[in-house]
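Chains: A, B, C, D and E, in written order; residue numbering restarts at 1 for each.
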């Protein structure tokens, strides 16, 4: 084994503490070190994934105490897949914003990169940790770096967005604590595997209520319907790449948390139906709202929320095919939505309100960015031969196998709306005339590389989905096998 | 209307919460084989730390503490970002009334003792109530006193950064030393000593001191940033 | 027995100061009330055999949170009703 | 490497290379474009036979490619038209902007159509179907006019169809566990009755959109007329046939096997008949040649669908035959309109007049194609229509016959209009400079017109593949026995029985025409159409008094009540209403952070109160 | 003693829940941003009290071993909630500090503290 899961947390934190010191000596180090760390995390996740696929789950304990006592990190095919995805996106976001922040002062740019790095770290921590209170701590890390990143631009209305986020986040974290305490008071443990094992001992009423509090708390980050008021504002006001980071990293971590609760910790069958209901409402409301947006980033934000609803639906199907589909959707959504945010923020660069009409005629001025945006739009609509098609097909197949005919119909009808609003933008890019005289910003070389990387992934996965389907399949098997998770964690011989 | 909805929903929420917690009961323990006893006995027998809360915070659940320190670090970073303005105005302050001479000299007298108290609290974190957080906070309140009293009292920003970063690096390095020598992050690498001894508990004392410095520096930094925020 | 009564009194005071903090239109008083709440809370923590938490709550809840709120009030408005904003400008600028 | 895969790769790589070769030179691009179209066609006709099958395996699905007799028949249409229209395109697109974009999507859609025909499983079918959809969508909006309205309308309707199809596909997969079309066919009779109706219905919605069946046709007039004419030739001639292709499979291999299928077949047949009738009326009303032909296409597709839906062997032969013929003559007509548009800059029938001397070859192509379209013997259209009438009468669908006959007769009106509007009438000074279109555009038109004539005389050229296709569905061998079914054919090998008589009539007609022409030639005099005595009234300048205006005014007034109720108006207002409804859901996000927190509390309360029932 | 325990049961949990509800009420109804943040911090206090109360054991002692009570493990109150609350308090302070800085910046930007007037971002 090369390295260990704990390095996913230790190295970025070490770097975060070192950066203020090195920044005094060499100013560029504050930009470069986070990139190196994120690249390291990505490389580490790949090497660990290789190890995991041969030798099975890695359970890493902290401070040498076996799981019920100490905190443990679990690097299984499932968590490892998400880690790989998140760290990759984190690196892409860094690459994209490497020069983007050049015109910003030294101190804010240092803060930006530290916060970005810790945002990724926190999300990875949520995914890897095997302890619910530790998960709470990581959720707070993600939240606070999210608040900081959202309000990065002092000239926008970003503080308003960040405050809404913080308001919801604070309420959520309170209820998360209550839920954790209810479980602790009944079972006397905080370890997820241990809780899962002892869960049948718990009183049914308390079980229901604690799950309710958990759903409220994690739902805020997972952007499920009535709790996602903050999300569009944050996506709009945060710097462009951070929107991608939220859509691709933070929300994924939150979805992971809720999935871990329902699939591993609790033993309710009805929770899956709840997932479907919540996901469906989120999906419908978000997509219909996105249809009527006049600002680009807001539209992307609602679309992102809607996609997360779809992921919830896929997880709610509850079969292995459903999990496979959900993971595939998460992967695609992370890649494609990042591509859209990246290219979209150059299409409306320097415009105050980022109206959709500002993209008019950009196909002539920013050809590559426009093409990438178009590819992203087509992919997220689910048109073949782009990658979005395969995930949509997987969701529908999984739903059909579970005989959910009406669900399929609703998903497809709403998908038409999605197609409409994306194509409206694409039409504007190519077939409308640019009216205003404002300057367009050519993407810097690093941003272009990041976008092209994502675009290539979209195309490659579209033509050859088997590149990742092995990972997805193993991850889905891993998530469905609750007993194995408990066994792996509790019987570690360290 | 809105208020009525809120009151009704709060009422229902309160009802459910009370229902839950009366069910749980006060002063009784529901679980038989929880981790509590393991923590108590391990803390006593293996770590030789008398304050069990400290051993939990620093060792058993040291990862939480690392996260917590990171949260503070993030808060001060985010705060600096949120309130960042281009012009630096060191020396200007927003405290409205100049302090009286009595307060000034009193503060001067109190400040060393507050710092000393804080240092004591975090050094003895594994023996008595208190520890890095408490001690760090106490030191920060000492700086707060000075900042409030003296119009031109300024804390060197760089020095705060040094303390903050070095303490953080120390914490993680200890963890990494444990990882590389014993195979597990934050694992104890020093002899544990005897119970109720100042030098007991292995790395716990060192980590708590690092945490103390870090928390003190971060909280001071936060207050300093907010305090110098003026239109 | 005496602890029970003391606890009850403290809890009562806590709730009262919380209500006061929410009810009071003058934000400065409200913040002070919430600081007092934290003080009582830390005593309750001592009674509940949690000295570490009590220390933390006393230092953070009573001192730091309160002072941060007060700084915020200094930088913004003192009264909840902003009709008093102009009055505040008059009274507080030196 | 399998030859089908090779052709597909050639198409898709060639599309991309062609798109970017415009950077080198326009000529290179044109040549590449033609190569990419011609080489696969040659490969197809020489290398592909019924036995080539290849499988690409993914973890989620298996893509199986192979050819069936039916797909061979449709491939003939697609490949032939693609090459002919390709040459035409090079001429028409000469000097236009965004040529790379246009070529890219042109080749992509041809490749996708080929892929659809070669797919033996639903996944590859759907993939190519969607590629075809978005490639054609990108061409529909190529002009940049009204993209938000026309383009979105086209895409939404296509998406409705495609998603209905996708739903059917996943349902099929959940039942049969396989995506193969043959597996669906073999397991169809064992399904529950609900599924037996639902799956064909969903598939028919999907195919019906592309085939412009009545309630789903609303995209067609706009999309056909908005795309460049060189593509509309493909659009109407080949792309819409993909819908027919799917329908043939559904009707012949699914619905004919269960008794409930008769209901759906009748519904579709009736819808198609109504489509034919109404769109013919609409075509008569149009003053723009593009829109006229677009409506005419919808009507013609209606005939084809009727033939396919009725399901007797004769009617299917009629439908498939008409499908080929429609591809031939309608493409030629669209090419004619495109040529006129290129030379004059407009396609308004009331503007352009008297081009017969300027563009004789174009006129010839238009004349022959229109005769074929109207179903006048001895051209191919006649053979198809005759068989259709006969099969309808023989299978007791008298009401349908009346409708079809009505619309077929009414089609003469618009046929005449387009011929007259463009080519006959007075010569205007305005169009004095007009020249004949370049040869590269003329040749495909002429070839298509000649094939109309040839197919009218020798229908067996395509009756043979039709027969093979039908035999693959288990229908009796009709080749050589068609005389048993239809009085049109004689005993000796499907010759048209009446051919000598028809040619006789034709000869008389031509002679009379020439006679009249020479006799009246001396009496013709030139007047200008825009200088008409107005009895002292002052004409406003913009008032166009060309005789082509208000063509068939009394007739239109007679049918006006029928045409007032436009289905697309209802559908558009429905869509608008839905979108306005979403304005309300948007108001949920009212911007106040506190309200969001209250939502959270209400959500929590709901979960607390009903969580127990939900989670159980 | 049972009776007092019942009183305390009602009183401690009751006041903790009451604190939470008061805090939530303040956060949900008050228009002033500072009041909202204050409400959130009161909400936090209530939760912390709740957590400590759950860890309490009847007649328990603080979880600190001293020379005298090394064997009295069974009467010690639960140290874990205390450790958790310690973490939660510090995290809560971090959140409050960020919230306050946001409030200051919002005031700078909008020149008001009323939350219903700060809604430029909507729909």
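Criterion: contacts are C-beta pairs under 8 Å (C-beta built on N, C-alpha and C of every residue); 3 or more make two chains touch, one makes a residue touch a chain.
Since the structure is predicted, the reported quantities are computational estimates derived from the model, not experimental observations.
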item: Co-neighbours of chain C and chain B - touch as defined; value: E
item: For chain E, the least number of touch steps when starting out from chain D; value: 1
item: Distance-maximising chain from chain C - centres being C-alpha averages; value: D
item: Per-chain CA centroid nearest to the all-protein CA mean; value: A
item: Most distant chain from chain A, judged by the mean position of its C-alpha atoms; value: D
item: Inter-centroid spacing, chain E versus chain B (mean Cα positions, whole Å); value: 16
item: CA centroid of chain C to CA centroid of chain E, Å; value: 13
item: Distance from chain D to chain C - Cα centre to Cα centre, in angstrom; value: 76
item: Distance between the centres, which are taken as Cα means, of chain B and chain A, whole angstrom; value: 30
item: Per-residue multi-chain contacts in chain D, two or more chains; value: 586, 589, 591, 593-594, 597-598, 601-602, 604, 608
item: Residue numbers of chain E (touch at least two other chains); value: 8, 12, 18, 20, 24-25, 27-29, 36, 50, 53-54, 56, 60, 62-64, 80, 82, 84, 86-87, 90-91, 93-95, 97-98, 100, 102-105, 118-121, 123
item: Multi-partner residues of chain A (each touching 2 or more other chains); value: 133, 137, 140, 144, 147-148, 151, 154, 159-160, 162-163, 167, 171, 178, 184-185, 190, 205, 209, 232-233, 289, 292-293
item: Chain-to-chain touches, reported pairwise for every pair that qualifies; value: A-B, A-D, A-E, B-C, B-D, B-E, C-E, D-E
item: For the chain C and chain E complex, residues of the former touching the latter; value: 1, 4, 7-8, 11-12, 14-15, 18-19, 21-22, 27, 30-31, 34, 37-38, 41, 44-45, 48-53, 56-57, 60-61, 64-65, 68-69, 71-73, 75-77, 80, 82
item: Chain E residues within the chain D interface of the complex; value: 24, 27-29, 36, 115-116, 118-123
item: Residue ranges of chain D touching chain B (in the complex, touch as defined); value: 598, 601-602, 604-605, 608-609
item: List of chain B residues in touch with chain E within their complex; value: 2-3, 6-7, 10, 13-14, 17-18, 21-22, 24-29, 35-37, 39-41, 43-44, 50-53, 56-57, 61, 64-65, 67-68, 71-72, 74-76, 78-79, 82-83, 128-129, 133, 195-196, 215, 222, 225-226, 229, 231
item: Footprint of chain C on chain E - complex, ascending; value: 4, 7-8, 11-12, 15, 18-19, 22-23, 25-26, 30-32, 34-35, 37-39, 41-42, 45, 48-49, 52-53, 55-56, 60-64, 77, 82, 85-86, 89-90, 93, 96-97, 100, 103-104, 107, 112-114
